[in-house]
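Dropping a structure here in C-alpha cells format, bear with me for questions.
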Amino acid sequence: MTLGIVLLPVIGAVVAMLAGHRRERIAPLAGVVTTAASLGAALVIGFGHWGDAAASALGPYEISTGGTPILVGLRVDQLSASMLVLATAVALLVQVYSVSYLRGDPRYPTYTALVCLFTAAMSLVVVSDDLFVLLVGWEVMGVCSYFLISHHWELEPAREGAVKAFVMTRLGDIGFLFGIFVIGEAAGTYQISGVITAAEAGSITSGEATISTLLLLCGVVGKSAQFPLHSWLPDAMPGPTPISALIHAATMVAAGVYLVARLLPVYVLSDVAMAVLSGIAVITMLGSALMALAADDLKRVLAWSTVSQLAYMFAALSLAGYGAAILHLLSHGAFKALLFLAAGSVIHAVGTQRLGQMGGLRAALPITFTTMTIGFAALAGVPPLVGFFSKDAVLGVAYEQAMHGEYAVRGWLVLVAGLLGAALTAAYSTRAWLLVFLGPRRGSTAEPSDGADNGRIVAAEPHESPWLMLGPLVLLAIPCLVGSWAVLRPGFLGIEADPLHLPVALISLGLALGAIAATVFAWWQLGAADPAVRLGKFRQVLAGEFHYDALVERVILRPSRFSALAVAANESSIVEPYVQGADTATQWSARLLRWLHDGNLQRYVTTVVLGAVALAVVIGLAQ
Amino acid sequence: MISASSFGGLEFLVAGPAVGAALLPLLRDSRRVTQAAIGLASAVLAVSIWMWVDVVSADGAYVWQSNASWIAALDVHWRLGVDDLSAPLVVLTALLTWCCLVALLKRAPDCGGTSALVGLILVIEAGSIGTFVALDLVLFFVLFEVVLIPMWFVIAAWGDPHDEPGRRRAASRFLVVTVTGSALMLVAFLLLRSELGTFDLAALTERARVIESDRQILIAVLLMVGFGAKIPMWPLHFWLPDAHSKAPTVGSVLLAGVLLKLGTYGLLRFWYDVVPVGALEVAPYLGALGVVGIVYGALACLAQPDLKRLIAYSSVGHMGFVALAISTMTPQGLAAANFANVAHGVITALLFFVVGAVKDRVGDSGFGVIGRGLYARSPHLAAVLAVAAVASLGLPGLAGFWGEMLTMLAAYSPHPDLPQTTYLVFMVLAGLGVVLTTVYFVVAVRKVCQGVPASDAVTDVEADEWVAWLPLVALTVLLGLAPMVMLWSADVVAALPVTP
Amino acid sequence: MTTQVIDWWAIAPPLCLVAAAITALLVDAFAPRGSRALPCAISLVGVLAALLASAALSSHSRATFCLPASGIEQPVNCSWVIDDVTLAWWLIILVSTGLIGMLLQPSVHRGELPGGELYFLLLSSATGALCLAAARDLITLLVALETLSLPSFALVGLRRRNRRGAEAALKFFIVSVVATAFTLLGISMVYGATGSVAAGRIATSVATGAAVEPVIAVGMVLTLVGFGFKVAVVPFQVWVPDTYVGAPIGVAAYLSVVSKAAGLAGLVIVLVRFFSPYVDLWSPMVAVAAALTMTLGNLAALRQSHVVRLLAWSSVAQAGYLLVPLAAGGSEADIGAMQAYALMYAIVNVSAFAVVGAVSAWGAVTVDDFRGLVRTRPWLGLALTFALLCLAGLPPGIVGLVAKVAIFRSAVEGELTWLAVVLAINVALGLVYYLRFVAALLTPAPVRAAVAEPPASGQPGGQREPHGAELFVVIVTFIAAAVLSIFPGPLFFVLP
Amino acid sequence: MPLLFPLVLSALLFGIGTYVVMARRHAVLVLMGVELMLNAVNLNLVAFDAWWHDALDSGQVLALFVIAIAAAEIGLGLAIVLLVFRTHQHINVDAMRELADRDGGQRADQEASKHTDRGAGSSPDRVAVTPP
C-alpha cells in the first residue's frame, strides 16, 4: 500500500510522458487518476494511523556499500501519514485545477508527468525510513521543481528562477549529504528509526549531534527557503501557479519542516543547532514578512509569506514544539495552496501578476473572491479560521518556553518576533486583498509577458474561471473553515498541542486586527492606492529585498565567475602553450642538432675526436 | 550449469571482436558489415552478461579462468579471468560497443570508409575487454596498447571534418600522452616482476606483501602517473578536451565510456591488490589531484563556450571523483570507484551520443551555433540531453549519484593510516565541485534547450538513435534506483585486506 | 710453436660468403651482358649456404684458432668462438644480408649499380660482420671490423658519377677512419696494459688487477669508439644522416641493419668478454650513452621531412634502445633481449627501407610525397605502416612492443629504473614522428601527385611497377613481422 | 730504452695526426693525418711488445696488420677522393654540404635528387671551389 502511493504517480508520469503527446486526453487522465488513487491509498493509511502512535514498516532491504550498509525501507507513522494525505490531496487538486489552467498547452503531458513524479518523490521523502532514500526523494523533488519552474522556458525570469532555485537548494543539499554522513557514522546506521533510537539511547554525542544537525540544517534551509538561502523562492514564481501552490507552498518547501520534526530527537541533543534554528527562524520570519509588505507581485507576496510562515514552523521546532509545527504545517498547506490557486484564478482572469494592475475584481470573480478572502483571513490569523489556531499553537509553545521552559531566552525571542510577525502578516494579507479585489480597476492587460506566468493574452474584461479551477478552491476553503474544529480537538492526529493559549491569543488577535485596521485606514486615506506608500523610503529597501541578491552576486557569483574565467584562460593560455612549449623545445633542440649536422665534415670529425677524448677523460677520472 | 570456461568464454570475448574486425570488412558493402558487426557485438554482449551472472555467484574469486603460454622466454601467458571488479566494465564495454555500432548503422561519419571504422571499433572492444580480463601483466600491457592505434585512427581519420590538422593533432596528443603513461606503467610491472618473479596477477596478489615499502612506493607512483595519464588525472588531462571535441561521436563515446576506464581499472586493480602499502603513502597525493580535477574541471566547464568540450571537461571532474574514491584505500572507496566508473561510462556516453547528434544536425557544438530553444526545435533530443545532464550532475535517483555519494562517504572515513583531516577537506571540496557541476549543467541546459527558439527546427531523435540510446537511459535510471545491481559486490570486496 | 688444427666447419659460413663474393665478381666480369641477375643469384646462394652451415653448427659451441694453455694463469684461449650468441648474430646478419641483396637487385637491373662489384663488396662486408661476431681477440676483431668497413665505403660511393654518393662516401670514410684510429689507439693501450690481445687473458689480467690501472680503462673506452661508430652511438652518430641520404637506399638499409648489428656484437664482445670485471665502470657509461643516443635520435627525427633522413635518425634512436640491455650488465638474458630486439629491428627496418626504396624510385623524397600510399599501393602502404608501428612499438606491431618489453625488462632488472623511465619518454617521443609518417600514408587524398599519378613518360623519376625482388622482400618481411606479432616466441630463441 | 720515449713520440704523432684531420680542408692532407695516427699506434704497439717481451709478439703482428689496413684504407680513400674530384671538381672537405640537413630543406633535397639522378648537376647553394 505504502509502496503503491509512491509508485502510482510514477506510473502516471510514465503514461503521460509516453502517450500524452499522442492523445490529448490521456495526460490529464493519467495524472488525475493516479494521483487520486494515490490519495485514496494515503487516506486509507492515514485513517489507519489516526490517533494511533504505532508505525508500520516495509523492509528493510540491505544495500552493501563496503561500509555501513544502506537499509532501504519504508515506514509510516502519524506524522508521515498526515503528510501523505496533505501532499496527495493538494497534488490531486492541483492536477484537477491544471486541467483547465493549462488547457491547450503543448507541454501539458510533460507538466503532468513532472507533477506526478513530484508527488511520488514527496511521498517517498515522507515514508522513507532511510536517510539516503529520503535524499533521493528530496532531490528528485528539487529537479521536478527546477523543470516546472522553467515550464515557460522562453521567458527569461522563468529560466533565471529555475537555475537559481535548483542551484541554491543543491548547495544546501551538499551540507545535507555531509550531515547524513556524520549522523550515519555516529549512529552506525542510516536508518531513520535507527538514528532516532540511537539518539534517544544517548549513543550520539552532543558534538556529533551539533555537527550533523547543523549540516542537515543546510539542506533544510535550502529546501525551505530560509535565511540565508531564502531568495530563490520568490524568484521561482514565474513557474505555473498550480506548481507554486503545490511545490512552493504546500509540500516541497515544507519537507524541511518535516525533516527537522522527524529528526527532532537528534536536534534536541544539540543546543547550538536549536539556537541557530531559532535565530534563522526569527530573522526569516520578520524579514520575509517585511518584504511581502512591499512586493508588487501577487505571487511574490504569497511567496514571501510562505517563507515567513515556514519560519514560524521552524521557530516552533526550535523550541521542541513538534505538535505546533506540524499543525501549522498542515493548516498552512491548506490555506496557502488555496491562496495560490486563487491567485492563479485571478491571474488567469487579468493576465498579469502585478498588484498595481489589479483591483476591483470582487464583482467579476465572486467565487475566487470568496475563497481567497477565506485564505487571506486564515493567513492573517483571523479567528475562527484554521490559521489563527495553528499560529496560536506556535506562539503558545514560545509562551510556554518563555514562561517556564528550559529555552526561556529563545522562547521570549520567538514570542516577540512571532507576535510582530503576526501583525505584519495581517498587514500584508490585507494589503494584497485590498489591492486585488477592492478599489477601482487599475491597469490593463498590457505587457502580458512581464512576469505573467503563462503569457497568454486574455480578454480585456476579466471573467470568472471555469469550475475545474474553482472546484479545488472551494474544496480547499473547507478545511480552512472547519479545520479549526479539528485543530481544537485535543490529540488531533495524536499531536499533543494545547488547544488555546488565551493571553497570547488575545495579544496576537489584537495585533492582527490592529494591523488590518491600520492597513485599511491607510488604503482608504490614500484613495485606494497601495498602502505600502506609507512605508516611505523603507519601501524601496523592502522592494529591493534588502539588496540580498546584489550581495550574493558580489560575494559569491562574481568570484566564482572570475575563477572560472581564470581556469578557462589557464586552459588556453598556460596548458596549451605548455604543450606547445614542449613542441618548441623539441624544435629548438632539433635545430641545434641540425646545426651540428650541417654537412661540414670537419665538424663531424671534431665531434668524434672530442667525444673520444671526453670518454677517455671521464673514464680516467672515474677510475 | 555449463562451465563457460570450458569452451573459452573469455577467449571469445577477446578474440571474437578481433577476428570479426579482421574478417568483416571483407564483406565489402558497409551496411552489411555494420549489420554483421552488430550481430557479433550482440553475441559478445550476451556472453558478457552470462559471465557477469557467473561472477555474481562466485563471491569475489576469478571465474572463467584460462591459461596458455604465449611467450615462453619472457614467461608471458594468456592468463584470463574475471572477477567482480572487472565484470561490470566488461559488460559496459560490450554494451557501449553495441550502441556505437547501432548508431553507425544509419549515420556514419561523412568521411566514408564505414567498414574500416566498424572494424576499428571492434578492435577497440577486443582490446578493452582483453585489458579488463587479462591476468598477466605483460598481456595486460599489450592489450592496453592494442586499443590506442585504432582510437588514434578513429579520431584522426573520422574526426571533425572541418579541422583536419586539429583532429590529427588531438589524436596524436592523446596517443603520445597515453603511451608515455603506459610505458611508465610497464616499468612498474617489470619492477614487480623483478621483485616477485612472476607476471601472474593472482600470484602477485598473494605475494605482494613481501615487497619492501620503498619499492612499493616507487611502483605505486609509477602506476599513478602511468594510469593517471589515461584517467586523466588533473595535470595530465590536457589531451582530453581536444580529443573529445575532434573525435567523431562513436569515438567520444568509446573514449569516455571505455578508454578512460582502463586507467581507473588498472589503478584499482594494482593499487589495492598488489602494492597497498606503497599506495597508502601515495594515496593523499592522488586524492589531492583528484579533488583539484573535480573543482578545476567544473570551473573550466563554467566558462566553456562549446558543449562537447564542456562534457569533456566534465569527464575530468567525474574521473576526479573516481581518483578520490580510489585514494581512500577503503572497501567503500573501491565500491565507489567501481560504481562511479560504470555510471560515468553510461551517462557520459549518453551525453556524447546526444551532443554528437546535435553536432551532426547543426554542424558544430558551440553554444552559439546550436542556438537556443532546443526544447521547441527538437523536443525529444532536448529532453534526453536534459535527462543526461541531470544524471551527470549527480541527481539522486539516477546513476551518477551513488558513485559520487559513496566517494564522499569514503572520503569522510578513509583508511585509518591516511590523514583524516586532509580527506575531510577533500570531501568538502568535492561537495563544492558537485555544486559547481550543477551550475554548469543547468546553465548549459539553459543556453541550449531553453530560450526563444533561435533558428529552424532540428530533426528530432530518430528510431535508430532511440535504439542506441535507450539502453543507456534505462541503465542510468536502473543504476540510480537500484544501486545494488552494482553494489552487491561491495561486501565481497570488503573482505579484501587493504591493510598489510 | 705448435701447428694449429683448424676447425673448418667453424669458419665455413664466412668462407661460403667469400666464395660467393669472388664468384659473383668473376661471373659478372666474364658473363655476357644482359644476365644482370646472376651476381644476385650467386650471392643469395652463398648466403643460403652460409645459413645452412650455421644451422649445422647450432648443436653445440665450437672454437678454433686456439692458444694452448700454459700454466694456470694462461688458460686455453681461442680467437674464434661459435656459441649461441654468435650464431644469433650470424642469423641476423645473414638473413638481413640476403634480403638487402635482393633489395639492391632492382638498381642493378636498371644499370644504376654495377652488379658484380656490388655483390662482391656486399658479401665481403658481410663476411667481416660474421667474423666480428665470432672474434675473441683484438687482432681478429680489428681485422673483422676493417673487413666490414672498407667494402661499405665503396658501397656507399658505388653509384657512377653521382655527386651525393661521392660526398656521402667521403664523409663516411673519413669519420670512420678517424674512429678506427682511436680504436687502434685503444687496442694498443689495452695491449700495453695487459701484454696480450686475447680475450680470456685480458679478462684474467683485468680481474686479477695485473693490468696497468688507468691505461687499461682508457684503452677500453677508446677501443669502443670504432664499434660505437658502427652502431651510431652518440657522439659517433654524426655521419649517419648524410651517409644514409647519399647512399643507395639498399646500402643505407645495410648500414642500418647489418653494420649496426655487427657493431653491437663487437661492443658486446669487448665489454662482456674482455672487460666484464669492469662492469661497474662501463655499465653507467653505456647507460648514459644509450639515454643520449635514443633522446638525440628521436629529437632529431622529430623535425625531419626527408624520409631517408627520418629513417636514419630513427635508426640512431633504435641504437639507443639496443644499448639498454648492455647497460644493464650484459648478462645472458640481457644479450638475448638485445638480440631479440635486433632481430625485430632488422626485419622491420629492412621492410621499411624496401618500401621506401621502391617508392623513392618514383621520385618521392619527403613524407608528404608518401601521402595516400595505402590507397594507391595498398600492399606497400600497409607494409610500411606496419613496419613503422613495429618500430614505434605499438600494436598491431606487437612484435615491436614485445621486443621493447624485453628491453625494458633488462633495464629494470639491471636496477636501471631511471633508464627505463628515459626509455619510456623516448618511446612516446618516437611515436610522434612515426605517427606523422603513418598519418601521411593513410591520408585519403594525396595532396601532391608524386605518388598517385604516373608522371609524363620519359621523365627520369617516372613511376613504374616495383621490381619483383623488392615486392618479395616487402611481403616476406611483412609476413614475418605479422607472424611474429601473433607468436612472438621465436623472437626470443636465444634467451635462456 | 725507457718505454716513455716511444710513447711520448707516439702521443705527439697521434696528436699531430688528429690536428691535421680536424684542421685541414684538403682531402689528401686529411688522409695523411689519418696515416700519422695509424703510425703512432704502430709505434705504440711495437714499443709495448718490446716492453712486455711478448713471446707471441702480438704487438708486432698487430702492427703488421695495421700497416696492411692503413694501406687498404689509403687506397680506398684515394679512390673516393678521386671520385669526389670527378663529381665536384674539388676535394675541399668542408665545402661539401649538399647532404646537409637544412631548415625547410625538403625542396632542395628534391631538386638535388633529381639532378643527381642525371649525374653531376650543380647544387643551388654550392660553395665556391677553392682547392688549397
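When the chains are written out, they are named A, B, C and D in that same order, and each has its own residue count from 1.
Just so we're on the same page, a contact is a pair of C-beta atoms (placed from the backbone, for glycine too) under 8 Å apart; a residue touches a chain by one contact, two chains touch by 3 or more.
It should be emphasised that the depicted structure is a prediction, and the values quoted were computed from it without experimental measurement.
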## Note on the structure
Contact-pair count is greater, between C-D and A-D, for C-D
### Query
Distance-wise, how many Å sit between the C-alpha centres of chain A and chain D, to the nearest whole number?
91
### Message
With centres defined as the mean C-alpha position, give me the chain C-chain D separation in Å.
### Response
23
### Task
Could you put a whole-Å number on the gap between the CA centroids of chain A and chain C?
77
### Task
Go ahead and note the Å separation of the Cα centroids belonging to chain B and chain D.
60
### Message
Can you list every residue of chain D that touches 2 or more other chains, as numbers and ranges?
### Response
18, 21, 93, 96, 98-101
### Query
Which residues belonging to chain B are in contact with no fewer than two other chains?
none
### Summary
Shared-interface residues of chain C (touching two or more other chains) are 170-171, 174, 178, 241-242, 429
## Note on the structure
Chain pairs that touch, by label, are A-B, A-C, A-D, B-C, C-D
### Query
Of all residues in chain D, which touch chain A in the complex?
18, 21-23, 25, 93-94, 96-103
### Message
Residue numbers of chain D touching chain C in their complex, please.
### Response
14, 17-18, 21, 27, 30, 34, 37-38, 40-41, 44-45, 47-49, 51-52, 54, 56, 58-59, 61-62, 65-66, 69, 72-73, 76-77, 79-81, 83-84, 86-88, 93, 96, 98-101, 105-106, 109-110, 112-121, 123
## Note on the structure
The chain C residues in contact with chain B across the complex are 336, 340, 389, 394-396, 398, 401-402, 405-406, 408-409, 411-413, 417, 420-421, 423-425, 427-429, 431-432, 435-436, 439, 442, 444, 488-489, 491-493, 495
### Task
Enumerate the contact residues on chain B facing chain C in the complex.
70-74, 76, 111-113, 127, 138, 141-142, 145-146, 148-149, 152-153, 156-157, 168, 172, 175-177, 179-180, 183-184, 186-187, 190-191, 193-194, 218
### Message
Give the list of chain B residues in touch with chain A in this complex.
### Response
173, 238, 241, 296, 299-300, 302-304, 330-336, 373, 375-376, 383, 386, 390, 395-397, 401, 405-406, 408-410, 412-413, 427-428, 431-432, 434-436, 438-439, 442-443, 446, 449-453, 480, 483-484, 487-488, 490-491, 493-494
